[in-house]
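Take a look at the structures listed below.
Both complexes shown next keep chain A, but they swap its partner, so chain B is in the first and chain C is in the second.
And now, the complex of A and B:
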C-alpha cells in the first residue's frame, strides 16, 4: 500500500498517467458510437458547470443552489447568437461575460447573507428564471425552447470527423482549458483566500482578506463557469428550453459535487461522470424506479466514502491499514495515536505533502 | 547520472502513452449500418420489430409519463400474447418496446434516444413532453428515424413536414381545443366571454384557437387576464374578470390547484358564468367536485377517450378488454390512471394499422403506411372520433368531443 502511495506521488508516474488519459480522451470518440460520444460530451459540459459550483461551494464554502440558472442563461445566449448568426468567438465571449455580470450583480447583494439566507436567494434564481424564459419568447422560444443546428463538423474536415466527434473535441478542449484555469486559480493566492474565508471569516479579516469581496468574486467566477457550460450545453444538446434551468438540475449538481469530492478538481470530474452515468445505470436496472435507484446509489456512496469518490484510494488504504493492524495488533499498538490524522487529511491540494510528512513521522 | 535517469523516465512516459494510443487505435468505429437500398431497416427482422420510448417515469410529470408507456406496452404485449402482429409484407412479428426514464429533462431525453438507436430500435414512438421531444426532433430527422405519435399538444411536431418529415404528433393541439369551445359558443349567438390564460405559448395557443373560432360571430371577449404557473392564487384575476359580468369563462388554467381556486372564487363573488375547462384540468374528482362545479349553469370540457375507471363505460367492450390487459401488463408501470393511459393504448392500435400497411421492412415504408390511415376507429376513442393521418401536417387524432359535467362525471352536451 505504501509503495502504491509512493508510486502515485511520483511525478513521472503522474505524467505517464496524464499522457495515457489524454491519449484515451483523444482516441475514444473515434471508436465509440454516437451515444457514447454524447455521454462523454455531456460529462464535459456538466464538469464545467459543477467546477463553477465547486469554486463557490467547495472552496469558498458558500451555498449555491442556483447554478442551473446560469447554465440556462449561457445556453439561451448561445441559442440567440446562433439564430442571429453571430460569430462563434463572440457568442463564447458573451456566454462567459453576461452570466458573470448577472452573477456579480446578484452576489453584490446576496454575499452579505450567510448560510440558509444565501441558499434561499440562490434557490430563487431558477424559480425566477423559468417564467422569465417563458415570457421573453422572442429571445427564448417560450416553453417550446430553441432548436439549433450548430457546431457541425466544418467543411474542410469532410469525411474525417463526424458531427458528434467534432462537437466532442470542441467541448472537451474548452472544458480542459476551463479546468486548467480553475486549477491555477484555486492553487494560487485567490484559492488560499477562498479557503481562509471558508474556514474562518474573522481570521480572514484579521489578515486583510475581505470575506465579502472574495465571496462576490467566487460567486462571479461560478456564474462565468455556469455560462460557459451553457455554451457547451447548446453545442452538445443542440436545444435549450426553460427545463435546462430547472431547480432539479441544480440540486442534482450539488449532490454530484459532494459525491465526487468537494473542493477537489479531480473530484469535479468524478462528479460529472456520476451526474451523467447514474441516471443511465438506474434506467438499466428498472426504468420505472429510477428515482429509487438513484437515491440508493447516492446513499451508498455517501455511506461508504463520505469524503467523495476522490477520497476512495485514501479510504481503501485506511481500511487496509486498520485490517492489517488488527491482524498483528500487539506489535503495532504504538502507531494507533497517529491514526486520526490519516482520516483528517485535507483533500488533494494539501494531500501529497501531508502524506510525505506522515511518512517521515513514521520514520521512513 | 541524473540526466540519464530522467531520459529513461521520459522514455517510459512516452512508451506508456504510445501503447495506450496503439491499443485503442487497433479498433475502429463500427459502421453506422449503411446497408443496401432495399435492405431491411435496423430493428426489424422477419419475426421481430423493436420500438423505443423515453418518457418521464419519475419526477413531477411521472403520472402522465408512466401512462404513455403503460398503455402502449399493454396494447403491444396483449397483441404479442395473442400471436403477434401481422404486417403488410406477409410476416407476423412480435413487437418489443424498450422504455427509458428521462425525468422530463431534454438533455436526458436526447441521451435516451441515442441509446435506443444504439440498441437498434426501428422507430421511436409515443413519447410525452414538448421540450423533450423538441430536443430529439432535429436528431431524429437528421438520422432519418421515425419519431411518431408523440403525446403532446404543441403544434410544432406536425406543422412543418418539409423540414421534419420523420416527426408526427398524436393528439389534438391546444389550438384545436380552444377552437372547439369557440365553435360551441358561436352557435349560441350573442355571448360575452371572459378569458383567463397562462402567460406562455400553451395559453396563447389556446386563446388563438378560441379567437379564430369566434371571429366574425356575435361572441365577444369582454375581459381577459393572464397568470404565471407559479402564482400562489388567481383570486385577483378572477375578481377582475368577475367585474365584467361575462356570460362565459374560458379558464385555460393548467395547474390543478389553481383551477380549483378559480371555481371557488368566482362563485364566492356571486359570478356564475358557464365554465370552459381545458382537458388537462377538468378531472371531476380533483377539480370540478372540489371546486363545487355544480353551482355553475354548465361546466364544459373536451374529451377524446372513454374513461376506463368510470361506471359510465363499465359495460363497454373496449374498456373491458383494456382493463383486463392493463391489469396484467400496464399496472406495474403506471399505478395511477390518467387519460394518457387510454390515449397510448389507442396509439398501439394506430401502430397496428400502420404495420398492416407496411409492404417492405423499412422505415420509409412504415412512414408511408402511417400516413395512409383513414377513418380508423381506434379502441377507447369516443364514438365519432376517428384517426386520419393522410394530412401529415395535422396530428393523428384531430377530433374532440365537447362534454358537459353532470354532477358526478361528464356526459353529452345538453
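And now, the complex of A and C:
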C-alpha cells in the first residue's frame, strides 16, 4: 500500500495519469453513441455545479441547499440571451456574473446567520425561484419552459464533428477550466482561509480572517459556478423549465457531493458521475427505487466511508491496518482511526471544531 | 370583513399543520441539537401506514392510532440506529445524515405505495359552518383545535411529569443527566418518538387536502423548518406562533396584494423570514447563542 502511495505522489506518474485521462476525455466522444455523449456532457455540467457547492459547503462548512436556484438562473439567462440572439461570449459572461451578484446580495444578508439558519435561507431560494420563473413568462416561457437551438457544431467543421460531440467538447473544456480555477482557489490563500473558517471561527478571527467576509466570498463563488453550470446545462439539454431549480436537485447535489467526497476536487468528479449515473441505473431497474437507492447509498457512505468515495483507498488501507494490528496483538486496542480525509465531513470529527460546536449547542 | 376573517382562520389552519411539524423539529433540536430534515419523511411514511390501515378496512380513528404507534416506534428506532453515531459529532454531517434519511424514507414510501396520490378521508368531515356570515370549514377549526391540544399536552408533559423533567434534563446537559442516573439513551429515543408522532399528526391533518403521496409533505416541511427557525429553534411556543404567522401572512398577501397573487404567495413567508432573520439572527423567540472560546 505504501509503495502505491509513493507511486501516486510521484510527479511523472501524476503527469502520465493526467495525460491518460485527458486523452480518454478527448477520444471518448468520438467512439461513443449520442446517448453516452449526452450523459458524459451532463456529468461535466453537474460537476461544475457540485464544485461550487463543494467550495461553500465542503471547504467552508456552510450548508447550502440552494445551488439548484443558481443553476436554473444561469440556464434562464442563457436561454433568454440565445432567443434574443446575443453573442455567446456575452451570454457566458452574464451567466457567470448575474448569479454571482445575486448570490453576493443573498450572502451579505444570510452569512450573518449562524450555522443552519443559512441552510434554511438557501432552501428558500428554489422555492421562491420556481413561482417567480413561472410568473415572468415573457422571459422564461412559464411552466412550459424554453427550448432553444444553439451551440450546434459550426459550419466550418461540417461533416467532422456531430452536434453532440461538439457540445461535449465545449462543455468539457469550460468545465476543465472551472476545475483548474477552483483547484487554484482552494490551494491558495483563500482556500486556507475557507478551511480555518470551517474549523473554528474564533481562531479565524484571532488571526485576522473575517469569517463573515470569507463566507460571503465562498457563497458568491458557489453562485458563480452554479450560473456557469446553468449555461452549460442549456448547452447540453437545449431546454430549461422551472423544474431545473427544484429543491430536489439541490438535495441530490448535496448528497452526491458527500458521496463523492466533500472538500475534494477529485471527489467532485466522482460526485458528478454518481449524480448522473445512479438515477439512470436505478431507473433501469425500477423507477420507484431511485429515491430508496440514493438515500441508502448516502447513509451507507456516511457510516462506512465518511470522507466519500475519494477516500475509499485510504479508508480500506486504514481498516486493513487496524485489522492486522488487532490480529497481531489482540489484547491491545486498535489505534484510534484517524480521520480519513482532513477536511471531510466526518462523524467522528474531533478537535477544536467539534468541541466548539458542541458547546454552542449546549449553550442554546 | 367576513372575507378577511375567513382568510385569517384558513391561514391559522394551514399554519397549525406547519406548526405541528415545526414543534417536532424544535423537540428534536432541543433534545439532540440537530435540525431534522427526516421529519418530513418520517411523517409521510407514517401517514401511509394510516392510509394502508384505513384501506384495509380499519375505522379511521383506529387507522390514525395505528399510525401514531408506528410513528413513535419509527422515530425511536431511527434515532437509536442511524442518528445516534452522528449526534455528538459535526452538526453539518448530522444534517446530511437527516437529509439522507429524508430521501430514504420517501424512497421507502414510493417503493411500497408508488408516486400516485391517494385520497384520504378527513377526520372532521366536509361540512362548512356559517358563523355570522363567516364561512369556515369544520376541518379548519378541527385542525386549529388539534394543534392547540397538542401544545397543551406537550406543556403538561414537559412541565408536569417526571418523564418530561427527565427529558428536559437530557436536553439541557446530557452528561450531567447520565451522571445522575437518567437513562439518557431511552430518553433520546422517546424524544424522537414524540417528534415523529407530531409529524404524523401533521400528515394526517393535511392528507385530505394534499392527498397521500411520497412528496406530499415536502413543502410543509420547508414551511415548518422556516417556522422553527423563525420562532428561534429552541422555543416551542415561538415555533407555533411563527407557524400561525406564516400561514396567515401567506393567505393575506395572496388575497390582498395584487402582484403577489395566488402563485407567488408561497414566496412571501420566506421573504419575510429572511428579513426578520437579518434583523434578529436568533429568531423571534430564541435565545442568543453565546460561544465561549
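In this section, the second predicted complex is superposed on the first by the 322 of 364 C-alpha atoms of A that agree within 3 Å, B and C clash if a C-alpha of one lies under 4 Å from a C-alpha of the other, contacts with A are read in each partner's own complex, and residues count from 1 in each chain.
FYI, a residue touches a chain if its C-beta (ideal position, glycine included) is under 8 Å from a C-beta of that chain, and two chains touch if they have at least 3 such contacts.
Quick caveat, the model's predicted, so the values are computed rather than measured.
S.K.: Once the structures are superposed on A, label A:42 by its partner contacts, choosing first (chain B), second (chain C), both or neither.
M.R.: Touch partner of A:42: chain B, not chain C.
S.K.: Once the structures are superposed on A, label A:131 by its partner contacts, choosing first (chain B), second (chain C), both or neither.
M.R.: After superposition on chain A, A:131 lies in contact with both partners, chain B and chain C.
S.K.: Have a look at where A:30 lands relative to chain B and chain C in the superposition and call it first, second, both or neither.
M.R.: first
S.K.: Would you check which partner chain A:149 touches, where first means chain B only, second means chain C only, and both and neither mean what they say?
M.R.: The first partner, chain B, only.
S.K.: Quick one: classify A:85 as touching chain B (first), chain C (second), both or neither.
M.R.: neither
S.K.: In the overlay, answer first, second, both or neither for which of chain B and chain C A:15 touches.
M.R.: first
S.K.: Is A:241 touching anything from chain B or chain C once the two structures are fitted on A? First, second, both or neither.
M.R.: first
S.K.: In the superposed arrangement, which partner chain does A:121 touch: chain B (first), chain C (second), both, or neither?
M.R.: The second partner, chain C, only.
S.K.: With both complexes overlaid on chain A, does A:302 touch chain B (first), chain C (second), both or neither?
M.R.: Only chain C; A:302 stays clear of chain B.
S.K.: Do any residues of chain A touch both chain B and chain C, and if so, which are they?
M.R.: Common interface on chain A, chain B vs chain C: 127, 131, 134-135, 288-291.
S.K.: Mind listing the chain C positions that touch chain A in their complex?
M.R.: 29-30, 33, 35, 82, 85-86, 88-97, 99-108, 110-111, 114-115, 173, 214, 218-219, 222, 225-226, 229, 233-234, 263-264, 266-267, 270-271, 273-274, 277-278, 281, 286-287, 289-293
S.K.: Given the complex with chain A, which residues does chain B contribute to the contact?
M.R.: Listed in rising order, the residues of chain B that touch chain A are 9, 12-14, 16-17, 20-21, 24-25, 27-30, 57-59, 66, 99-101, 103-108, 110-112, 114-115, 117-118, 130-132, 134-135, 137-139, 142, 154, 156, 199-202, 228-230, 332-333.
S.K.: Would you mind writing out the residues of chain A in touch with chain C in their complex?
M.R.: Within the complex, chain A contacts chain C at residues 57, 61, 63, 109-110, 112-117, 119-121, 123-124, 127-128, 131-132, 134-135, 202, 247, 251-252, 254-255, 258, 288-296, 298-299, 302-303, 306, 345-349, 353-354, 356-364.
S.K.: Give the list of chain A residues in touch with chain B in this complex.
M.R.: Residues of chain A touching chain B: 12, 15-16, 19-20, 22-24, 26-28, 30-35, 38-39, 42, 127, 130-131, 134-135, 137, 142-145, 147, 149, 233, 236-244, 246, 248-249, 276, 279-280, 282-283, 287-291.
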